[in-house]
Structures are given as structure tokens and as C-alpha cells.
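In what follows, chain A forms one complex with chain B and a second complex with chain C.
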Partner chain A sequence: MDYKTIKKSEITEFLDNLIKEYEIAAPIEKDDIVVFDKIKSSNGVILEYSNSVKSPKKFVIPQFETLISYNTNEDTTNVKEHLDEQKQFILFGARPCDARSFLFLDKVFSDEKNRDIYYKNRRDVVLIISLGCTQPQETCFCTTTGGGPFSSEGSDLLLVDIGDDYIIQVITDKGAELVKKLGLKNAQKDELAEMDRVIKKSEAKIEPDLELNNLKDKLDNSFDGSDWETLTEKCLSCGVCTYLCPTCHCFDIVDEEKNRKGERIRIWDSCQFPHFTMQASGFNPRPTYKERYRQRIMHKFSYCIDNYNMVGCVGCGRCISECPVNLDIRQVLTSLYYSMLSGRT
Partner chain B sequence: MADLSSSIREEAKKLLKKGEADVIIGFEKGSLPLCATPCFIRNEADVEKLIWNEFCGNNLSRYLIKAKGKVGIIAKGCDTRAIVELIKEKQVQREQIVIIGVPCEGMVDRKQIMMRCQGNKITNVEDRDERLLITGDLLNVAVKKDECLYPGCQVCTNRNPVMYDVLIGSTSEEQQTDEFTDVTNFDGKSSEERWEYITHEISKCIRCYACRNACPLCYCKECFVDTTQPQWVGKTTGQTDTLLFHIMRSIHLAGRCVECGACERACPVTVDIRKLNRKMSADVKKLFDYKTGLDIDQPAPLSTFKPDDSEEFMLDI
Partner chain C sequence: MKNPYLPTPMKVEKNVIETGDRNIKTLTLSFLNNKDEEIFNFIPGQFVELSVLGAGEAPFGIASSPMEKKHIDFTISKVGLVTAQLHNLEPGDTVGMRGPLGNGYPIELLRNKNIFIIGGGFGFSTLRAFTNFMLHPDNRKHYGDITVVYGARNPGLLLYKNELSEWEQRNDIQLHVTVDKGDESWKGKTGVVPVIVKELSIDAENTTTLVCGPPVMIKFTLPVLAELGLAPQQTYLSLEMKMKCGIGKCGRCNIGSKYVCTDGPVFSLAQLNKLPQEY
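Showing the complex of A and B:
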């Protein structure tokens, strides 16, 4: 792997240069919370932050998007597909967990089996420059789900904060190309040693992994277990966990039509909402909190492994820090795991 | 804050033992620093889990509607106000619940403190009466609790339970009466300014419905915003759709919202939901001289008719 360096004081110039050629999204503070937003200059970009409240998935799956629009009259129907050309896009300063979430989303929307042209259209232009975590939070559990505070999976370039400078790890060809164009300096030996030290220090700070050996098998056997009911009793069945989650990706499609003109719109949807599984007959196979929360867990920790060979959670902790009733997914997994071990379910 | 946890545990134990309650809804220690979480206690042995502190912000009356059997509920001022309305609206039967009232001193907003910690991990929180001492790797701050209260708690004029079967601790003097100065100030702005403020707030909304689902009075079996046949409100987060959701919700809560602030606390993206609800409360006060959640015998203004009801809102045609 190639390693480059850049001084922290040069980051603003670095970003302002990139902005001339690319669309850039970076973490900024807006309305008292940190969010990823498209920026017009490096002003206001913050790199000392834990993580954004909303995940950056919106850049590849916007909360709502028009797929086609149409109009009909007596004898003709015109349909227009909305696949606008996308400008080259850099997601700057994303955390490694979020970078990994893009790999997961790729499996859902854009692999040999599944190919969603709207997703692919947006995704193909994305280059991710992520920022390793020197301050993992109490809600982070990325190492349990296969990542880590300096995991490079999903990133094209990964920055490591070594004090006055960042080391830039060059992960992909796409990343290498960008680095070459910018003519960055090679990292020195002592800088690389400092990088290793920083990484070790941070990895020691992260909470220990949850012990969840063969969780999938145990979950598969617990579908009808009685624990689901008590564990989810406080859940409000809102959309906070799913909408903030970087890997949750379920959607609804609606047609909005007036005077024979209309649009077909794709919108985020959530398995926590009662109407998500409501059938035309009026029957709902997931009528209560229990079935809906169970679906979220089973989907991420069992069905995703069947379908994509990857856990559907990157351990970012958003659903933990933002759940209005502190229903902590780690506690749920752990208690399910242990009650299953002791054969209580 | 006086430690009321042990009295709460004792009371809960008594109720369970005597069979006066099948379940106690209260708070237990949360999984994060600065956090308590709702819990459901069914066994005497588990009452030890119950706690009371300045992070018990959730409105537990939200859980009464789906609870089965006889329910004991730990309730601060706003929770009891919601219970009053739920009983009036015949969603909860008074005989089915035992209210363990706890006087409140205002609840502390975890997120405000997290902001002050600037993303540094908290490892320890020490309670020193009016202050919290918060420490971490790169962190050592003292926070005055009453500087970090939720917006609604800062101005709450009914912190003592308004109705209870058992009172824990002792009530304290209420803050001054509510003059709705915030509403008057906002009304004083130009319509452009107000439009800009509200639409900006709405633009943050991600339609997660945590506000609605946390609200004790939002108990409709099917919310107008979820209905698909017919679909009253569009599903997008475009301005029209989102604004319609918030305005309709607010109007549906006129004369019913007890200003507990549960909606705002649940919102992950800081939407100022209070703005609309406060306006409704001010209008209800002005038109019907009614303040929600205080008196179980006073009929709800929008579900009763009096010949001399204010008709200011009628259009002259």
C-alpha cells in the first residue's frame, strides 16, 4: 500500500482545490447537529467530530427521488426516465463504518444478481476519503461487525490523524489516481511509525467485541422465542433507527398523479412502521412492535448473511445514540444470545 | 436532586406484593452515560432495577394504552397531565392504574451535555446536587443541571404531579404561571419571518415519526399520515408533504397537547416541534380559557359544545 502525507493546515487548500473539479460532501455543523452536506468551500468543515447524526447513505439512496415522470393525453403517453448525469463526487471525512456501509449497499443494489440503475448512476461517481477514528465513542461497536476504527474497506483513501499531519492510505486505484493528480508527498518512516502507534492506541480504546459466536444459527432458532416480546416492550416503532442507519435501505414506490401528469417516486420506508407489511386484504403479518423489531434484527444478522454474505450492520452506533427510548441493539443481541445459550427460548 | 429511587422501589414492591399492580412502568439505568430508559417490572425481585434521576425524560404514559392488566406507573408532572387527558378521552381507565407521582425538577437534556463534551467519550458522571461532574479521556467538565434542561422543562408550570395515588418525596413550589410570551413574541414577527422559521424547521424533518410515536396523545390506531386508502398526505420529505404532516398533527392535538415535550425529545434532528404546539395551546387558552391536563372534571374544549363558545374562527360569508 502507498502512504502519503498532508499537513492539517493544508487541508482547507486541499478541499478548495478539489471543489473546483468535484462535488464534495463533508461533515459540517448545521442546526446544532453534525451532518454530511454538499459544500461550496472548505469553510465550516469539521474533522474533530464523533459521527454525523444522519448517515451519508442519502448520497446514493436519497430519501425520495423521482424515477420516471409521465403525461398522457387522448392518444399518446410520454414517459421520461430521470437518470440525470452525475458529477464526480467525493465523500470527504466519512467514518470507516460508513465507508463500509457503501460496500454493503453495493451488494444490495449493484452486484451480479441485483442491478438498480438509479443506485448505480449515483454510486459510480462516488470516491470516498474516510477519516479513521482516534476517539471511538461509547456507542461504537464496529469491531464486532467486522470493521474497525481504521478499517479501509469501502474507502478509496483513508486519513489517519497523527497530530500535525494526516497520513493518507491509498486503498484503491481510484484513490491512487486522485493522489497522483494532486502530487502529495510520500510518508516518511517516522510518520508511519507514528501512524501505527495512533492506530494501536485507538484500537485499545474501543469497547471489547460482543461475544456472539454463531449468532446467526442461534437467531434462526429463536424466531418464536418469548424474549422478543419483553426485549421490545419499550420500542416506539418509530423510524429513527432505520432512517439514521447507514445500511437500512428499504423503500416504497408511489405514483403521484394529477391531471394525467404524474411522477413515480421512490421513498425510504421502514420495517418499523405498521404499514410496511400491510397487505391489500387488510392483513398485517407484522402487526406489533415485536414482529417489526425482530425483523430488523433478523434481517441484519441472519438474512443478510444468507443473501450477501455480510452482516447488515456496520456498528456505527447511530441507532443506539439516537433511539428515543435507549433500546440498545447491543443489549438486545447479547440478551438474545445468552438466553438462547441457556435454552430459555 | 434528593434520591427518590429507594422510595420508588419500596412502593413498587408493595404494589406488586399486594397484587395491586401486575406491572410497574418506570425507569432503569440506561446503556449510555447521562441516560435512563423505560422499564417494565413484573417481579418483586426486579424492583431493584428502578431508578429516579434527572434523565427520566420519557413520558411513560405513552405505554398505558397498550399495557395489559393493572398498571402502576411512575409519573412526573407532565406524565400525570397526559394521564388526565387519556382518562378524559376514555383511553385509560382510572381504576386500572396506580399513579406513583414524583415531583420533578426539570429533566436534563443529554444531547446538550454531549455538545459541550465536543465528541469526547465520557467515562464517568458524578452527581453533585446542582451539578454533574463529567470526566473522560480528554474531558473534565462541571455542568449545572438547570442550564441543560429541555426547553419545555425550563418553562414548565406544573412540575408536581396533578393527580396521584401515592406521592414520592414532597412537592415544591411551581414556577410562575404561563403567560405565553414566547407565542406573543413569535406572533409579533412578520408573516415572512414566521414562514421562513417554520419552513426551515420543517426542512430538517426526516419523517421518522418518533415525535408522534413518543407522544402520549397520538394514539390513533391509524394515523392520517399513514393512511393509504385514501392517501391524505404525500410520503416525501418535500416541503408541502412534511409541513402538512406537522400542521395537521398540531391541529389534531389542539386542546389535547399537554406540553410534555416528549415529541421534541424524541426528534433526532432538532426540529422545533414546540413552536406549533405552543401556538395551539395559546389559542385554546384564549378562546376557551382551558389549560390541558390539569382538571379531570373539566370537559375538553374541542369535544364539547357550549352555546357561548368563542366563534372567532368562523368565517363571515
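Showing the complex of A and C:
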């Protein structure tokens, strides 16, 4: 792997240069929270932050997106596909957990047989420059789900903060091309040693992994277990966990029409909502909180392994820190796991 | 690259009331563009998303056989926003269609088998498609005995009445039509589907069963099939779930790790027995 360096003081210039050629999203403060937004200049970009409240998935699966639009005249209807050409796009400063989430979304939306052309259109132009986590939070559990505070999976370039400088790890060819164009200098031996020290120090800070060997097998055997009910008693089915989650991707498709002009819109939806699976007959296979929360857990930690060979969770901890009733997914998993071990299901 | 969300424009040829309560209609569509028609191939048991612009989309099993060129049938029960709009369509109107979607009945595996079809209510529509497919002169020789049990709550709710009469006349299909409750004019069988199935003598050895109908029918029919000696590998069910995308992305139609829209809607009972009972 190639390693480059850049001075922290040069980052604004670095970004302002990139803005000339690319569309860039970076972490900024908006309404008192950190979010990813498209920027016009490096002003206001925050690189000392834990993680954004909302995940950056919106750049590949927007919360609202027009799939087709149409207008109806006397006897003809014109239908238009909305596949606008996308400008080359850099997601700057994303955390490694969020970068990994893009690999997961690729598996869902870019499968050979049913490739989602809208997703591909946005995803193809994305280059991810992620920022390793020197200050993991109490809610972070990326290492349990296969990632880490400096995991490079999903990133094209990964920045490591070593004090006055960042080391830039060059992960992909796409990343290498960008670095080459910018003419960054190679990292020195002492800088690389410092990088190793920073990474080790940070990794020591992260909460220890949940001990969940063969969690999937145990979940598969506990589908009908009684613990689901007790564990999910306090869930409000508000769906905030699914909206903030970087891997949750469920959506609805609805039509909106006014004056014979209309749009077919794809909009985020949530498995936590009662109407999500309600059939027209009134039958609902997931009628209560229990079945809906169970679906979320089973989907991420069992079904996704079957279908994509990857856990559908990157351990970002947003669903823990933002849950209005403090339902902690780590405690749920641990409780399920150990009650299953002791055969209490 | 193909846009899986872009509907193909279809023309309404007919929209015929099927049932006495006027709540079920069969919609017959043809392609507006020849090139769409040329590339459209399907297997009985597959479904499509039909859409009325402004109202939205909903999934429907294809009710006609792929051997019938030029037109495609859908039998639609009026239960919601989209289906109400579909019921209002008149010949010449345009409707959108995405598909075919899903796996369909395992027509290759079913070759040279005796076929036992069990349908209830308007779940019969894709079974009708497959039955017509088998009865086609080019295909009939590929299948053994064909036995059909079809039930509705009352005579007025029976679908495809003309076709049922035609099947009655044939000697290469055993048809058993039943209603839960008859009326003065009803001369056929009375009794719920599982009871009728129980009375039949089926050679379990070389028979494969296809079942589609309301949950209560399925619940009471499966034990009867087991009694008749039909193993879970010989029994196929076509399932229904709330769907949006139809291509395994939107996340609502899964049973365990299987998506009804892409892995189904047809599953063997052996497959279903391995999945959570969440359907």
C-alpha cells in the first residue's frame, strides 16, 4: 500500500482544489448537529467530530428520489426516466464504518440479476476519502461487526490523524489516481511509525467485541423464542434506528400527481412501521413490535449473511445513541445470545 | 442497461366482471409496442407489477397461459387504491406493467408427473394459467394425469365459469369444483377444499401438487396432502406478500432470508418448512 502525507493546515486548500473538479460532501454543523452535506468551499468543514447523526447513505439512496415522471395530455401519456448524469463525487471525511456500509449497499443494489440502475448511476461516481477514528465513542462497536476504527474496506483513501499531519492510505486504484493528480508527497518512516502508534492506541480504546460466536446459528434457532417479547417491550416502533442506520435501505414507491402531471417516487421506509408489511386484505405477517424488531435483528445478523455473506450492520452505534428509549442493540444481541446458550428460549 | 422500475405501456383489451359481487374482474391487456411484446416471455406462476399512473403499483399473478400470444390476463380483486383504479379501466385505456417477476411454477420439474392442482378463491388465477399451459396441444403430452380441485365460498364467487365448463367436457383433466355453501341452482359439490381433496384417490408416488389459496385453506389442506402420502418435496405453494419493488430490494416481502418476489412466489413445502412461520 502507498502512504502519502498532507499537513492539516493544507486540508482547506486540498478541498478547495477538489471542489473545482468534483462535487464534494463533507461533515459540517447544521442545526447543532454534524451532518454530511454538499459543500461549495472548505469553510465550515469539521474534521474533529465523533460521527454524523445521519449516515451519508443519502448520497447513493436519497430519502426521496423521482424514478419516473409523466404528464398526460388528451390521449397521450409521456413517461420520462429520471436518470440525470451525475458529476464525479467525493465523500470526504466519512468514518470507516460508513465507508463499509457502501460495500453492503452495493451487494443489495448491484446484484447481477436485478441491478438497480438508479443506485448504480449515483454510486459509480462516488469516491470515498474516509477519516480513521482516533476517538471511538462509547456506542461504537464496529469491531464486533467485522470493521474497525481504521478499517479501509469501502474507502478509496483513508486519512489517519497523526497530530500536525494526516497520513493518507491509498486503498484503491481510484484513490491512487486522485493522489497522483494532486502530487502529494510520500510518508516518511517516522510518520508511518506514528500512524501505527495512533492506530494501536485507538483500537485499545474501542469497547471490547461482544462475544457472539455463531450468533447467526443461535438466532436462527431462536426465532420463536419468548425473549423477543421482553427485549422489545420498550420499543416505540418509531423507526429512527432504520432512518439513521447506514445499511438500512428499505423503501416504498409511491405516485404523486397534480393536474395530470405526476411522479413515481422512491422514498425511505422502515420495517418498524406497522403498515410496512400490511396486506390489502388486512393480514399483517409482522403485526406487533416484537415481530418488527425481530425482523430488524434477524435481517441484519442472519438473513444478510445468507444473502450477501456480510452482516447487515457496521457497528456505527447511531441506533444506540439516538434511540428515544435507549434500546441498545448490543444488549439485545447479548441477551438473546446468552439466553439461547442457557436454553431459556 | 435495463431500468427495472420503468413500466411497459400496455393497452386494455377487456375488463370483465368475474363474480356475482362484482368485486373481481379479469383484465386483459395487450402490448402497445411490438418490441416489448417480442421480448416478453414468462412462466406460469410468475407475476408483474401493474401500475396506474397517479395511483401506484401493485403485484398480480399472470392468469393466462404463455401459450396464448398477443394478450395477458390478470384477475384482480378490488381491495385497495390501485385495484380500484384497475377496476375502472376501460378498453383502450393504458396501464403500466413491470415484469415478469418471480420464479413461477417449476415447469421443468413437473414434466412427466401427474399434476394435482388445488386452488381456492382468486388464488386460482396462476393455477388457471398453468392448467391452460398444460392443456395446450403442444404441452399436454408432457404431463400425466391432471386433477384440479377448485373451491370458492359460494357459486357466485367462482371464476372463469366458461372455461370450467370447457374443462368439464374434456377427458384429459379431472375437474372438481366445489363451493363452501351452495344455492338453489348449484348442482355441483359442496364442501371446503380440504374435505374434497380428502375424498380423492391420488397416486402419491408420481404426483406433484400445486396449491394456491387463502391461508385458512392452505392450513387445513396441507395435513390432508400429508395423509395422502404427498411428501413436502412434492408440494408447491404460491405465496402472497406485500410487495413494492418486486426485485428483492425494498425489503418487505421476505420470509426469513427468502424474498417472495425473487426466490418465490412459488416454494416447495420442503423449502417453507425450513423458513420461519411468518407468512
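By our rule, the second predicted complex is superposed on the first by the 341 of 345 C-alpha atoms of A that agree within 3 Å, B and C clash if a C-alpha of one lies under 4 Å from a C-alpha of the other, contacts with A are read in each partner's own complex, and residues count from 1 in each chain.
Just so it is clear, a contact is a pair of C-beta atoms (placed from the backbone, for glycine too) under 8 Å apart; a residue touches a chain by one contact, two chains touch by 3 or more.
All values reported here derive from a predicted model rather than from experimental measurement.
When the two complexes are overlaid on chain A, chain B and chain C sit side by side with no clash. Of the two partner chains placed around the shared chain by superposition, chain C is the only one that A:Ser281 touches, whereas chain B remains out of contact. By the touch criterion stated above, A:Arg123 is placed in contact with neither chain B nor chain C.
Shared-chain residue A:Asp306: touches chain C; no touch with chain B. Contacts of A:Asp252 after superposition: both chain B and chain C are touched. In the overlay built on the shared chain, the residue A:Leu236 is in contact with chain B alone; chain C does not reach it. Contacts of A:Arg292 after superposition on the shared chain: neither chain B nor chain C is touched.
By the touch criterion defined above, A:Leu83 lies against chain C but remains apart from chain B after alignment on the C-alpha atoms of chain A. Our angle of interest has its tip at the CA centre of chain A and reaches the CA centres of chain B and chain C; in the overlay it is 90°, to the nearest 10.
When the two structures are aligned on the shared chain, A:Lys4 is found in touch with neither chain B nor chain C.
Per the superposed model, the minimal spacing between any CA atom of chain B and any CA atom of chain C is 6 Å.
In the superposition on chain A, the residues of chain A touched by chain B in one structure and by chain C in the other are 252, 254, 278.
In the complex of the two chains, the chain C residues touching chain A come out as 1-7, 9, 51, 53-58, 79-80, 83, 94, 96, 215, 240-242, 244-245, 247-257, 262, 276-279. Those residues of chain A whose C-beta lies close enough to touch chain C in the complex are 67-68, 70, 72, 77, 79, 81, 83, 108-109, 111, 113-118, 120, 223-224, 249-255, 257, 262, 264, 266, 269, 271, 276-281, 283, 285-286, 291, 295, 298-299, 302-303, 306-307.
Residue ranges on chain B touching chain A, taken from their complex, read 30-33, 35-40, 58, 62-63, 115, 118-122, 137-138, 204, 206-210, 212-214, 226, 228, 231, 234-238, 265-266, 268-270. The residues of chain A lying in touch with chain B in their complex are 31-33, 48-50, 53-54, 63-64, 135-139, 205, 230, 233-234, 236-240, 243-244, 252, 254, 256, 265, 267, 270, 273-275, 278, 320-322, 324-328, 330-331.
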